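Below is a structure I'd like to ask you about.
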Amino acid sequence: MGITLTLDYASVLVFALTGALAASRAQLDIVGFIFFACLTAVGGGTLRDLLLDRDPVFWIADATPLAVAMAAAVVVFFTAHLMESRLKWLIWLDAGAFAIAVAAGVAVAREAGVSTGVVLVMGVATGTFGGLMRDVVANEVPLVLKQGELYVTAAFAGAAASLLGARFLSPEAAWPTVICIFVTFGLRAGSLLFGWSLPVYKGRPPRA
Amino acid sequence: MGITLTLDYASVLVFALTGALAASRAQLDIVGFIFFACLTAVGGGTLRDLLLDRDPVFWIADATPLAVAMAAAVVVFFTAHLMESRLKWLIWLDAGAFAIAVAAGVAVAREAGVSTGVVLVMGVATGTFGGLMRDVVANEVPLVLKQGELYVTAAFAGAAASLLGARFLSPEAAWPTVICIFVTFGLRAGSLLFGWSLPVYKGRPPRA
Amino acid sequence: MGITLTLDYASVLVFALTGALAASRAQLDIVGFIFFACLTAVGGGTLRDLLLDRDPVFWIADATPLAVAMAAAVVVFFTAHLMESRLKWLIWLDAGAFAIAVAAGVAVAREAGVSTGVVLVMGVATGTFGGLMRDVVANEVPLVLKQGELYVTAAFAGAAASLLGARFLSPEAAWPTVICIFVTFGLRAGSLLFGWSLPVYKGRPPRA
């Protein structure tokens, strides 16, 4: 319980920062910052909790995550102009939040006792859904569509590594979580820094 | 119970009109009008009911809201050409539906006995989500992204005023509801008519 | 029970193919194909199960649909370049998956014992939502917005015909299902091949 809550809070904080940065790119007012921070911060975990029928949803049980997201939004509203490139910050913070959220999804799904395939999907869904909603609502190109970048792939690999760790190292929550964050963030960072990628599909006429 | 149902019906009716107007802007057929009317009309309340685990969702318990939305769609299909500016009607009807839906979200959340922060979020989510789905699916710029307009801010202020009213005036459902609609619609209308707004974020390079 | 499961599997398979084709149009890597295949394949049924509070959601109870969607994505990744026009395949496969999914939605809603209006809406929602999520996330124009094509209309007619069949022919699951698929796919195919359509709304200034 302790670990999944900690993960939820950490991903809420970092995703909220990315939501607020997306709001800054859309030049919204401070309540718009709070809106996007909350949407991004709790989007993935909310989907996970609805799908697993966890009642109540984590931020309804305890509204602290909303307060965290709100505080993050206010901080970004007054400091974003200090950043060299807001897009770069957004992408790197998203990578961190993403890695943590995948681990949170995996941890909660394992606790819920669902099958292995579903644990993988919950990891990926929890990691990607908040950022996806942020990008769709903010009219940005969703990160899942970026060609030649590892994104869903990183989440998938991290969730899979986490399951292997749980089986072969220790089923306790700490190891699988550390491995998941390490692998997901590592692959995403390698993709951003060194262009690591999987071959993409290339049809003859690209979009016919 | 009486008041929340009445609010749900009223917001369904007015949101359905805005959904049908969005369909008219996309030049769909009459079933497309019905689709957008239903999507917009029940979107926010459905999200609220799923999040609060209200079972069944309000329009599954009683399908009358769907019939109301359908009737509204048919009426708009045959009368929209009479309007001077459909966009203007859409925006003003949206403002009304929005104010009512925020009040409905607050009322239901208060009945469910969740914490104050969650009541605020439910108000905002119920108010914005239907219109957000309408705009995302119809490929329009979501109203939440309109710069220099009060939208989420109006919902937030209305929900907060409603909670203050419940504490200091009377906890009965009528007062908080009236206050919420008045504040939300008033701020939104003031924003549309007189350009009331909060300062927006201005970075140096607007979208770098 | 047997029939709704079969329908869920069939629509998962065919929708997964359309999701993978959308991924090919966006030139993603193989995990991107799997992501879009799963999103499209289980989107509509997931919404239906959440709304009807079916616990657990069909692909959480048994992860086979996810394996089916994944396999479909891998097959498309290695064979899509063989197709003459991927867009044409996408549209026709979507028509098939769509017809099956409407029938699945109607069957599950009838089993759940909800009212007639809600059965209709569940049919339409189950049929359209997976493709809608695919198109919104992939930045394609949603099929529901295509002017002069029967889409939601076909789903609506199929669901209605299915209910009539259940009342006047036989309430057993097979007849209503066959009728629903036949009518939905027939109308959609007629629209694609022969331009069948309902009159669309025409305002004076098309988008003012």
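To keep things simple, chains are lettered A, B and C as they appear, and every chain counts its residues starting from 1.
The rule is short, and it goes like this: a contact is a pair of C-beta atoms (placed from the backbone, for glycine too) under 8 Å apart; a residue touches a chain by one contact, two chains touch by 3 or more.
Keep in mind it's a predicted model, so treat the numbers as computed, not measured.
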item: Pairwise touch network: line, ring, star, complete, or other; value: complete
item: Interface residue overlap between copies chain A and chain C, same or different (over half shared); value: different
item: Geometric centre distance via CA averages, chain C-chain A, whole Å; value: 28
item: Residues of chain A touching at least two other chains; value: 50, 136
item: In the complex, chain C residues that touch chain A; value: 23-35, 38, 46, 50, 55-57, 59-60, 62-63, 66-67, 77, 80-81, 85-87, 136-139
item: Contacting residues of chain A [partner chain C, same complex]; value: 50-53, 114-118, 121, 124, 128, 132, 136, 141-142, 144-145, 147, 150-153, 156, 197-204, 206-208
